[in-house]
Amino acid sequence: MSPDLTPTPQDKFTFGLWTVGFQGRDPFGAETRPPLDPTDTVRKLAELGAYGVCFHDDDLLPPEADDGERERIKGDFKKALDETGMKVSIATTNLFTHPVFKDGAFTANDREVRRYALQKVMRAIDLGAELGAPIYVFWGGREGVEADAAKPARDALERYREAIDFLCGYVRDRGYDMRFALEPKPNEPRGDIFLPTVGHMLAFIERLDHSDMVGVNPEVAHDTMAGLSFLHGVAQAIWAGKLFHIDLNAQRVGRYDQDFRFGAVGLKDAFFLVKLLEDSGYDGPRHFDAKPLRMESQDGVWDFAAGCMRTYLALKEKASTCGADSEIAAAEADAKVAELALDTVGAYTSDRADELLAEAHDLDSLGARECGNERLDQLAVDLILGLR
Amino acid sequence: MSPDLTPTPQDKFTFGLWTVGFQGRDPFGAETRPPLDPTDTVRKLAELGAYGVCFHDDDLLPPEADDGERERIKGDFKKALDETGMKVSIATTNLFTHPVFKDGAFTANDREVRRYALQKVMRAIDLGAELGAPIYVFWGGREGVEADAAKPARDALERYREAIDFLCGYVRDRGYDMRFALEPKPNEPRGDIFLPTVGHMLAFIERLDHSDMVGVNPEVAHDTMAGLSFLHGVAQAIWAGKLFHIDLNAQRVGRYDQDFRFGAVGLKDAFFLVKLLEDSGYDGPRHFDAKPLRMESQDGVWDFAAGCMRTYLALKEKASTCGADSEIAAAEADAKVAELALDTVGAYTSDRADELLAEAHDLDSLGARECGNERLDQLAVDLILGLR
Amino acid sequence: MSPDLTPTPQDKFTFGLWTVGFQGRDPFGAETRPPLDPTDTVRKLAELGAYGVCFHDDDLLPPEADDGERERIKGDFKKALDETGMKVSIATTNLFTHPVFKDGAFTANDREVRRYALQKVMRAIDLGAELGAPIYVFWGGREGVEADAAKPARDALERYREAIDFLCGYVRDRGYDMRFALEPKPNEPRGDIFLPTVGHMLAFIERLDHSDMVGVNPEVAHDTMAGLSFLHGVAQAIWAGKLFHIDLNAQRVGRYDQDFRFGAVGLKDAFFLVKLLEDSGYDGPRHFDAKPLRMESQDGVWDFAAGCMRTYLALKEKASTCGADSEIAAAEADAKVAELALDTVGAYTSDRADELLAEAHDLDSLGARECGNERLDQLAVDLILGLR
Amino acid sequence: MSPDLTPTPQDKFTFGLWTVGFQGRDPFGAETRPPLDPTDTVRKLAELGAYGVCFHDDDLLPPEADDGERERIKGDFKKALDETGMKVSIATTNLFTHPVFKDGAFTANDREVRRYALQKVMRAIDLGAELGAPIYVFWGGREGVEADAAKPARDALERYREAIDFLCGYVRDRGYDMRFALEPKPNEPRGDIFLPTVGHMLAFIERLDHSDMVGVNPEVAHDTMAGLSFLHGVAQAIWAGKLFHIDLNAQRVGRYDQDFRFGAVGLKDAFFLVKLLEDSGYDGPRHFDAKPLRMESQDGVWDFAAGCMRTYLALKEKASTCGADSEIAAAEADAKVAELALDTVGAYTSDRADELLAEAHDLDSLGARECGNERLDQLAVDLILGLR
């Protein structure tokens, strides 16, 4: 009997306006789909079982809109949220489309550009606060370089730090109940983007004035582009208490930013990711920062959105059965999985050091022990394939 | 007139015993070269102009050697150091060759293995201290996983932290004047290695009890395997005050660990790396953690070692001329390179926020500005090619 | 009710002696397992349901064995084959382990090495013929280069061609009923290996004197290392009538040669590969050229072998149900999958050209058509996950 | 004394209208530069020393232009060519921008799209012929797939073959003196593009009806994206007599299509590529299919174009000095480079087989020989760095 895989708001699935609203433009092709109206998006996603939506400032409010138009759009949007119960999960700023940001925003060599970028974010933070976003996301897509001679990395990091520190100050000064989530990406659209992985971003955050209010927003596609284990990146973020938000999608290693439907590539990796999120008690949004294939028309867009949620739920269901599977439990015991949670020695004391130094070990027999990883891994494959 | 590219100890070039001593074994082939005697290596490297050598415990002292044999080897080695003036730049532990470490050392699921790993490191630290190593390097080559079901990453990070904390305690307790440098690598020999990049390692260090005595040892090949900008990784380490040591070699992106002669691939990247190291005031060893090609016989090994140093010096010489090159200076000015070092706004105050919000910007003209990166980058290429 | 996933010889599963016999040595570690006796391997694999085995000359006959020893080993091996009904599926030559091949075999710069390589292959072909191998595989693992200055690629291709042509002549002259399968790989153990992908190899074969008797032996891990679609490579080989053999395993993109258990990574890709093989009528061996994880002891080796076959059978079972799944059929119809098999226009004639030129097309409506790929892809995911 | 690096038409440098004319749009950003007028481009490139230009049909003639407008544009363009002496080096078709091609052109599942694609190419071939293009290029950027279920690769190859065969027929029927050059690419904008590398394309060409008139157009960025040796791909194309055209630029491995200025990445690879082209007698255009950085304004575009040519000439100059460099010659002799050009054994005869089988080889001493690759490679580095 199949499990029920119908999404509900309790599942906390969210979509950016720019995801289902992606019109299909790519470096070699024009748009294939008309724009979506944000309120229609809210209603349709609610119908599909989503929990909320999110947006860049310019997704919701066209830059050229006058004040009246902006108020009207916000009113309509709030009305759609109220009527559907949908939440604004995060807000963020578009610091990448306009030519002004062609050399970066917070790290543009031109100081006026850097100042304008801060201004744009401050206004967008106000918008996010007004619409109830508890998290503000920063993706520094243009903060990077193609010509290393032109942008000293240490100066760039210093400007980046200055910008985030300043904006933390702004949020606190305004009294907003809002935390920041920084999103790393290794490259594209810049040759090399600063703070390219979850690890670099976590390290950067430690150098901030208000590091307590800043965490990360890892994206499957981004660390996967560099062929890193996304699972390990997310685990390190959780271990550090810094997983504030997550972007789910799919990506092949070593390619352009694909943003495929969640689970479309890497089903086993997706399984372990879902298991980690669920086991860890992460209670934030499961955000699908993915794009429907360019070839799709409107029906395909909603198939895409439904598919993201369906695959997540299917993997969550599978993950939830592990505990009760006695063969898996036995294989875990053989592989000594639980033993890794035990202290090796505890905090340093001279006595413990002496004790360690005095121990004798039979290396040959220890080296010949069974580890049982092939069997345990095959059981995971069986579970994913629906064979158990 | 060509610059003098003869290495001297002042250049601080070092080699691991395992580098020039690499016998050429690879996953598909047997050794092609006989072993080198460590004291011969010291003398030959001194002759070539190196500053020092480094070693894993087992490189210097065969695990099967008895106490008398160990003392004899250490005596001979110290004698060679004394006679040549060569230094021991770092020491480290082999936690990867013996089958006992097949599932990890500090993060092995088997607790006895973890305890043995600590014991082995403590003894190797004693050896390093005895031979004057100011830095102790940790490369956790087996700390990883192929089957995610078998090793929860958060538990592994906790054990990793426990191990480094304990060993910091040991060094302090023993009163050694020694700092730790942790070396990240994304994969190989494990499917995924924990703490895969400079960024992840920097973030990990912040969670340690004695993080002040722990920095990183980035390796060109390692971050490059994942296609990340090694330059940016090193810059972030310097920015964080954490560049304690560096491993220089060459590597193509997305391949097995190649450990090529420094500069053999990626000349432009190597140039900017050398420039960063020299400009930053980094005064630690320039360690060539590279391997002579398996096909080489003994002459080729020394050609390799000489080549590593020669290319470094050639690039250093080129980097040193940038400042006096008026065309480069003009191009840097056009690209506003120095402007990136200026504060964007300074620390947060309400007044500064108001000022920023009140500013008007002409986005069209700002977006149309010349950035001059193609020209500046071409000048760097010209410099590297010896055209200026 | 689960399908029966017990392998039988009809499934044509084969293993190389070097696969289950892999002792776990890697670039950073010593052997973790004792050697397996070839006859034990034959018996154990037969017991697990395999169809056959294969070998390099040196896997079966140690190079140092004298004639008597060689005859004894061959006798024992034949006896094990006879008693179990196991077949020798292919034979091949070890042209990579001995230092003599450090600069290549057929493409070594040293002519004597090239001549010795031919001699070794001729003897190994005799052995393969004696033991009934219908296919002879060539993996040119050392045919490559790290220093482009040292080995002109066009000369190397010419020597490669000369070698294969000569060996085709030998097989024909000896009257062996044997075809050749050439196995491409992009890199490792050489920096760049010649004829790096299925495509390059197929093109090379067209330049051979007896190209009819030469096809390819694609390996999942090899084209996947380069991030290419292995599915498309195999499809092109089948399309060209050149799929003579196949090596199944698993690999992450952009890494060292991992040779994981089939299906351990890339389940969806594995599904489409199995479907292609089964749908195409390919009737050769399904060879698992994979390696048990180094950490495993002997039980884990057989878990590994069983897992390879189990996952193949599970995916084959899933693939076989596609035809009878009406929802999948409907989605395929919406995506016009079958329409791709129709001629676009047929062979060139002036009339057809005129007809084409005269046609009018409504590009806007054609551009707005639904393609239904998201839905069809999600159905494939559902099938793989066991949800249908 | 520096060599003269001023380009002249004899150097055969060409640029596509879409290269210097690239307006800077990328997946995350709007255009940063105004369009260039084709005739201005011709004049400016002539001034910089280029030999010719090339174009997609839509680059020159806007799809919406009426007949009068088209004639006017062509007239102006021819006039600019005549006045400057610039040539049309190739022509090609835009089969990727319009939504109609969202699922492919020659391999679209929809048959009407396939027919329209043929029509569009036929018209564009007429245009190319009218403007004197001796080569017609095909880049099948949309011929690929994201959902393997939706597009059987063998059917796609069959349609691809049908299309090229038909168009060969058309060119012959029309009596055009024109050959085809097919351009492979592994991915982007499609998840996987058919015929992803030089190798796959060369193999495909062998299956065509008029394979003699069809060759390849390799592009640095494309094979490099997959981390393959572009040098070896081009060498194989030359070896097969199939290098009809070449696209020069720069690219980092495993990333989005970067199309950097020639030499901006991979200087050593660029050196060996230039050396191969010059040594091989290739006399076709050196086409820079690269894009100025998005951040550049108009001055930067021409800096970019000048830089492409300058680096090529600098590397060509260096390559030309190899022959007269006695130290390089000695190192080549030590590495037995010339010996690779000698027959190993010649064509098969029984006598030669017997002779080979009878030879005795001292494997130990042969395995211990010096290969001298480190030294030869370092000399190449020295040459590139301007140290010799």
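The first chain written gets the first letter, and so on, giving A, B, C and D; residue counts start at 1 in each chain.
The criterion applied here is as follows: a contact is a pair of C-beta atoms (placed from the backbone, for glycine too) under 8 Å apart; a residue touches a chain by one contact, two chains touch by 3 or more.
Keep in mind that what you see is a predicted model, and the values were worked out from it rather than measured.
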Equivalent interface to B-C, which of A-B, A-D or C-D, with over half of contact pairs matching by residue number? A-D
More contacting C-beta pairs: B-D or A-D? B-D
Distance-wise, how many Å sit between the C-alpha centres of chain C and chain D, to the nearest whole number? 30
Chain B to chain D: how many Å between their CA centres? 37
Multi-partner residues in chain C (2 or more other chains touched) are 32, 98-99, 102-103, 146-147, 187, 227, 252-255, 264, 268, 293, 295, 367-369, 371-374, 377
For chain D, which residues are in contact with chain C within the complex? 98-100, 102-103, 106-107, 109-116, 118-119, 122-123, 146-159, 162-163, 165-166, 168-170, 173, 186-187, 192, 194-204, 206-207, 226-229, 231-233, 235-236, 238-240, 254, 268-269, 272, 276, 280, 332, 335-337, 339-350, 352-353, 356-357, 359, 361, 363, 366-369, 371-374, 376-377, 379-380
Can you tell me which positions in chain A touch chain D when the two form their complex? 24-32, 96-99, 101-103, 141-142, 146-147, 187-189, 191, 225, 227, 252-258, 260, 264, 293-295
In the complex formed with chain B, which residues of chain D make contact? 2, 5, 32, 227, 252-255, 261, 263-268, 292-293, 295-297, 299-301, 303-304, 306-307, 310-311, 314-315, 318, 367-375, 377-378, 381-382, 384-387
